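Written out below as structure tokens is the structure these notes cover.
Chain nomenclature is as follows: A, B, C, D and E, assigned in order of appearance, with residue numbering initiated at 1 for each chain independently.
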Amino acid sequence: MIEASFISYISLAILLFSIGIMGLISRKNIFIIYMSIELMLNAINIIFVTLSKYFGSMDGQIIAMMVMAIAASEAAIFLSLIVAMYRLKHSVNIDDFNTLKQKDTL
Amino acid sequence: MIDTIFLILSLFALAGAIGMITLSNTMHSALSFLVTVFAIAGLYALLNASFLFMVQIIIYAGAIIALLLFIVMFLNIKEDKLKEPNRYNIMLVVAIILAPVDYLLFQAFLKMPHIGDFSTTLDNFGDVKMLGNELFKGWLVPFEAISVLLLVALIGSIVLARKKERE
Amino acid sequence: MDIGLLSFIIFLPLIVSFILLVLPVGMKITRNIAFVTTIIVFLLSLSIFFKFQLTDYMQFREFHPWISSYGIYYSLGVDGFSMIILMLITTLIPLGYLFLWKTKKSKGYWASMLLIQTGVTGALLSLDLVLFYFFWESMLLPVFMIIGIYGTGNRIFSTLKITIYTIMGSLFMLVSILYLGVAFYNEFGVWSFQLSDLVQITTLSNFERTLLFFGFMIAFAIKIPLFPFHTWLMQTYSNSPTGGVFILSAIMAKLGIYGIVRFVLPLFPHQYVEFAPYFVGLGVFGLIYFGIAALMQQNIKRMFAYSSASHLAFITAGIFSLNAYGMTGAAFLIVAHAMATGGLFLLTGTIEYDLGIRSISGLGGIAKKAPFLTVAFALMLLCIVGLPGTNGFVSELLIIFGLFEYNHYVGVISALTVLVAASFMFWLFQRAILVKTDNDVSKMKDLDIKEIVGIFGLAAVIIAMGLYPHWFLYKIEPTIQHYLVDILKVGIGS
Amino acid sequence: MRYSEIVYLLPLLTIALGAVVLMVLSTIKKLDIKKLSWITLAFLLIAFGLNALNFGYIYSVLPFSHTLSSMIVTDTFAGYFSSIIIAGGIVTVLVGSHYFDKSNMLRGEVFSLLLFSLFGMMLLVETDELFTSFIALEIASISLYVLIGFQKNSEQRVEGSFRYLILGSVSSIMLLLGTALLYGATKSTNIVQIAKYISAHSSMDMTLVITGGTLILITFLFKVAAFPFQNWSMDVYEAAPLPITAFMASTFKVAIFGFILRFVLIDFQELKNIWSDILFYIAILTMLYGSFMAVFQKSLTRMLASSSIVHTGYLLIAFVSINSIGESAATSIIFYLIAYFLSSMGAFGMLSYIASDDQLRVTYEDFRGFAHIRPYMAAMMSIFMLSLAGIPSTIGFIGKFYIFIGAIEAGYTTLALVGILATFVSVYYYFKLIALMYFYPSSEMTNVPSLKGIPPLIIAVMALLIVWGGIGNTLISYFPGIDFLIDTAKFAYQSLF
Amino acid sequence: MNSSLLAWIILIPFISSFVLGALYLYSISIKKINDTIFTFLAILAPITSFLIGVAFFLSLKNGATDYMYEPYTWLGVNGYIISMGFLGDKLSIFMVLFVTFIGSTIHVYAAGYMKGDEGYGKFFSYFNLFMASMLLLVLANSPIIMFIGWEGVGLCSYLLIGFYFTEPLNVVAGNKAFIVNRVGDLGFIIGLVIMFFYVGKLGFDYYALEDYISLVPTSILTIIGIALFVGAMGKSAQIPLYVWLPDAMAGPTPVSALIHAATMVTAGVYMVARFHFLYDLIPHVGEFMAYIGAFSALFAAIIAMRQTDIKKILAYSTISQLGYMFIAVGLGAYSTGLFHVFTHAFFKALLFMGAGAVIIAVGHEQNIFKMGGLRKKLPLVYSVMLIATLAISGIPPFSGFFSKDEILLKAYRHHEYLIYGIGLFTAALTAYYMFRLFFVTFHGKNYKQKEMHYLSWSMKAPLLVLAFGATVAGFVGLPEVFSQTNLIDEWLKAYSGGALHVEHTTEIMFMGISVVVGLAGIVVAYVKYFKYDFNKEIQESGIVYNKFYIDEVYHFIFVRGIQKLSRFISVDVDDGVIDKAVMSLCGGFINMGRRIGRMQCANTRVYAFFMLLGISSFSLYLILKLG
């Protein structure tokens, strides 16, 4: 039987992950969307670290650490794109960016 | 004891996360996210990942969110412009749709075969030495790949954020 | 690696066409070389005709691995049935060239014509189903080009229509071919798409066979075309340039029939027999339906389109009559109809070239200006009508025999063919060619010497085949009997 | 440690080195796009050559397995996909150099990013460790995000880039989550280890493994733009500069398939059937959606984008058909990828070459009467269209033939029929272009680049390859034909085990 | 004698036709050729054929057996063989003789009639083609070969009716003739096919058919008999397929004489006689045939009474006379029918040629009421026309009397009193309308003095020859009462249907009745028309003049009906239903695409939502699948 504490960590991760998705879809603000994605990454990190503890192996922690590095690099791209977008439209509303909408629809 | 700390930390994490996605001001939600990050860092500590605890605080709180806040302030965004009246409805819908996903994930972990042990750990588990050892022995390829990734991100952000292209 | 006669026949036009396309030569040289090529191909096929032995075996076999991982072979062969169509193709094409001689089309036109020839002969001679499909689809492209580039009217629409229509049909056939291949693999453990191999499949259930049968039949029914897949035909014919419609009507439609006999019959003899009543019915119905529809057409090519559809439906009825008369008659009518319809389209093309008119009401009084054309037109028309003394009669008579043997009532109804074609054809002849009207036909010129040689050569063959059909038929007799064996087996089995 | 094993890593390293070198060089103002493209090409050709060293036989090596912890596997499969990927890079550089040169927004970093992206893709197909796959995917994706949004004063480019970034990140996260689940289930992230665990514990509950695998599958489905994860692709393809679109549509898809095939074939051979029902419908819906989108498009880019969704559908047919009996389906994917690569790369490349001068939104109408101005280019374009439509005498036909036969062999005749339906619809939108090019008198489209230089040549080579791959050989013995391609695909497949 | 000469009888006119046609095409498009060459080539052919025919005749007369010549296998399918074969027996040689003889005379006549015509060469090409086809029809040794000739004559008829093809009416008439004939041919083919399947497999020449026909059940035989008779109806212009013949008069007069009076139209009679072995077995069909013939005779005669066009009158009289022939063959008296064919050929050809001469003379006017008083102007024509009119009216000793009388007698003896009555009544009508024509044309006053055209000798000579024939032809078939040997019955013994012995007094009584009836008709005509006042404006009208509106009814039912159907099929069904269905399927697909295209709304969150849905459905699927 799985220990209760283990499951509670996992549950927390799942909850955070879900909140991340909720934020992603419900919010128009690109910053918040970005943070939702970061939150999801964090949630997965919790899973990895929990598993690491559970297995008594360092692999999970190493992965979590590297995920942070990836998050950082994504942050760089995200933020620079946000800057570029803001320069173009002076808006952080993601719904304002819809030039690629399908034309010729009924 | 540990359970209490876990409970408090996870409550903070959840509250911060919920605050992040509900607060309408970018700055507020970023700060709310900061709470989550710190709570998660605490959880890492609880999970014997002492090095990660630091890394989490340094990278997330120190770098990413700081950068984010900096840019928010730099761009000087007027939050009043964004009207998101039905965001709670959407959240509700998304939550309902997410239910099977969560159920599945939860169920999967519940049914997980019992191959590990959560209570007993090595003393030095999660410290820098062990982590570094393991990192360079077993995870060289991802490590190098991450360096490439960071390089790409570097070039990318330069390219994207550079003010003018070619004179 | 030796290259056989059949390969030469198939690929010579292709090679010449590519060389001509790449070389910076003008239209005239392209045309002349193309013509010479077709003549060479004609001579080669003539040698096949004379070397052909009176058996039901596939002759002049060529067999080389192509995609060996799937047992796909480059496999060619000729039997009586394909030989007669091969002769037809190789004879008609140079003849058509004589008529297309003066068209001021670019060299792409002639190159496409050569490509079409490769496609049709390839499809005709392949014995591997994938190879057949390969050629079957490939021949569509040059036709697509010819109609699209050189056609008139709403040509782009009709080009897309014919392409999509026919590809739809052939894709169903492709699935059926693949299904057969897999069935063969499952049964025998090796891949093969050889016709002679695929006929040995025993594991397929009746239901599967029926579906596959219809998979094939849709492809061929669209190509022929049978009711109700015919609507592309009318538009395409009326918008096509002469060469395109000549090829479409005289040759490609016949390949649909050929495909049924070559592939559907041996592969699905049970279904062939089982569904024969429906196809005979469809054929006879089509004969009358299209025949009546042809009567009131205003566009001359559209009328011929209906006329062709009518005859092709009749041929279809013939091949489904399950006896030697119907089969032989169908084979013969394929030839007869190809010649006559081809000739008519060429002549119509001449009229159109001189006058630029396609509507019947815009013509009239041509006979006085162009007696040779009129005579040739009349001869072709008589063949279409099935007048005794032309091969049209022999074939129609045989099909009626066949249908009568199949079912007395159907046979009697099918005899209406003597009436159907005559009614609209003579009316057309009256209105478009003979009777003088107020229309200005002063620009009409008579046939020149090349065309006269071509068309009267054709007419001579038509009459020769009408007066002495046996000389042309005895070579395909063993083949027909061979096909009948398949049908007889069904009779024994059931 | 055998140093000779470095040979297997050389292509990857060459690409990485090239990327770094170009990064440095791009800061030098004196080097213009042309020169940089030559340098890039040199690196790519070297990498291609090094990759080709091991061509033609079955091998499977874990180079420096101790140091690298067996995380990199170089086998025929990887070599096959690497070749396509590098070739994609070469074609992109050759075809795109004209475009990059003409569109004065792009700078030298493009090549560096392109090589980084190639590096990521190659790593993706050469790694047998899931987390490394995730990183590789991120490298490739992030490079692409940047490449798409490179011209950041163009609204649509930035928008496309950002959309792709958000959705792509979410999909990558699914891969990461899936990795986490698999790690939780098997205590390892190595594909081979996971496979061993699965076969050793087949009696145990596999929910976690399957859920993890499903999440990875979702990432895959997103990246190849399968229904319902397809929406991004049309927007992004339209937004991106055309050479980048070509690169994404063909090369990236190849890399993703390389990754998922390795993962599924090694780990999920037995568990795969659990997905067959849902993948069955996904394949159908993907094809239908793509067909529905493609039929009414006016823009060629969007049409090709939607048609690439359809092609994903075909590939999914084969993906569904993978089962224990026969190797047709798996091999057919491998084969079809090369067919699709050639055709779509050619089509997009041609588009980018034509559009490079005036930066038009290339529509059907722009091609009206094109054949009369540029007959050879029109002929090549026709060949690409025919190949995409799967008309015989092009490699596209052989690819489809392969896919459908695999599907029928596995008992998915329905899928083959839907595939046929989609093909038949596709004839409409591909032939419409040919019709427009040939059947109208030449239009006023004057500003078309002439047939000069390398890009058209490379496109012509691809056109020839397409025809060659569709006809193969019967006349000349020992000259590689279709069988050669099929055998290569089979070797690649066999080297996995 | 070499039987291969049989083929030459056909081949000579055929070759002649071909050469003439080629020369004609050469002449009109490249270099003009003198008409004399055409004339020479044209006339040579029938005469040569005639001479060969005579040789065969003599040989047969001297007791030679039937000649059979089969040069090659025409068709061999499924082991059954149909040969291209010719049969020279008494019947066919008899037909050959009179066809070639009449043909030759008409050729000569035509040389004069067509002089200077633009299509001179073409005319003779067609004419010789007709001769060849007719001879093939006659000489064929199997029904299929006969059918080749059968259709060949139909084609020539079409070509010659539409000889002046620039005039719409001529071509329309030609088409009508061809199509109506084709309706008959439909019957012929059906009969042929059925026959082939029941007996043809044992051999398909007449001998074999005769041997094995009895194996066929009577019901089938009835069908075959009726089907073949439908063919004969078409060719021989019987009710209801007679409508083409009056219109066929649009062709040049020699055509009417040769084809539509003397030879082709009798092909039906010949065919029935040829299949006597069949019809002998099914007398009820024969009776039906006889009734059809009788009614045709009556019907045509009634119409002829009110016609004004000289050629139309003759055309209806032809139908009427053909009706007589069918009475005879229907009752099994084939030789009698053929006897009437024989005599009819002479006097009808003569009538037509005379009419042609009149038409030429008055400058192509065909309305008899616009002629009048031509006796003085055209004495020769007048006299030969008188002979012919008397012959057709059944006045002894002219030829028509004997044959017609024999038919009536046969009808009476077969106890077909109704037929007999109709025949007798028709005889009276015939005399009436023929003399009406005669009186109106030649007597009376010609109030319009017109320039008379000159008649060449090549036109006059055949008139004399045929006049002689019309006078004496009857003597080859003298009734028993006058002569012991009925030459026709003797020669065609196999076809005589058994001799009918009649009391001499009865026979004479019947002759008397016939003569009286004929004279009565003449008297009525004399009273009404001999002194006809031409100053009265003649306005013939009424139902009879309009031929009972049969043409209009046919036109409405068949032509209009089919045209409507055609338009319905091509416009309403093909374009309106089938094509529309196909196109709306395609259009619907594209519109569906446009609708679904809304999903590409370029909203990231929506896309993410779709993704979420996908993930969620995957999860649901797995939950369900894994339990």
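Methods note: a residue touches a chain if its C-beta (ideal position, glycine included) is under 8 Å from a C-beta of that chain, and two chains touch if they have at least 3 such contacts.
The structure presented is a predicted model; accordingly, all values stated were derived computationally and were not measured.
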item: Common touching chains of chain D and chain B; value: A, E
item: Chain-chain pair with the highest tally of contacting C-beta pairs; value: A-B
item: Furthest chain, CA centroid comparison against chain B; value: E
item: Chain ID, smallest distance between chain and overall C-alpha centroids; value: C
item: Per Cα centroids, the chain farthest from chain D; value: E
item: Distance between the centres, which are taken as Cα means, of chain E and chain D, whole angstrom; value: 78
item: Whole-Å gap separating chain A and chain B, where each centre is the average of the chain's CA atoms; value: 7
item: Separation of mean Cα positions, chain C and chain B [Å, integer]; value: 71
item: Chain centre separation in whole Å, for chain E relative to chain C (CA means); value: 37
item: In chain A, residues with contacts to at least two other chains; value: 17, 21, 24-26, 28, 33, 51, 54-55, 59, 63, 66, 70, 73-74, 77, 81-82, 84, 94, 97-100, 102, 104
item: Residues within chain B bordering two or more other chains; value: 94, 98, 101, 104-105, 107, 109, 112, 115-116, 138-139, 142, 146, 149, 152-153, 156, 160
item: Two or more partner chains touched - positions in chain C; value: 164
item: Touching pairs among all chains present in the structure; value: A-B, A-D, A-E, B-D, B-E, C-D, C-E, D-E
item: Of chain E, residues touching chain C in the complex; value: 21, 25, 28-29, 72-78, 84, 144, 147-152, 155, 158, 162, 165-168, 171-172, 174-175, 178-179, 182-183, 185-186, 189-190, 193-194, 196-197, 562-563, 565-567, 569-570, 574-575, 578-579, 582, 586
item: Of all residues in chain A, those that touch chain E in their complex; value: 21, 24-26, 28, 33, 94-95, 97-102, 104-106
item: Chain E - residues contacting chain D, complex; value: 586, 589-590, 592-594, 596-597, 599-600, 602, 604, 606-608, 610-611, 613-615, 617-619, 621-622, 625-626
item: Residues of chain E that touch chain B when the two form their complex; value: 609, 612-613, 615-616, 619-620, 622-623
item: Chain E-facing residues of chain C, complex; value: 164, 228, 230-231, 234, 289, 292-297, 306, 323-325, 328, 365, 367-368, 371-372, 375, 382, 387-389, 393-394, 397-398, 400-401, 404-405, 408, 411-412, 415-416, 418-419, 422-423, 426-427, 430, 434-436, 446, 467-471, 473-474, 477
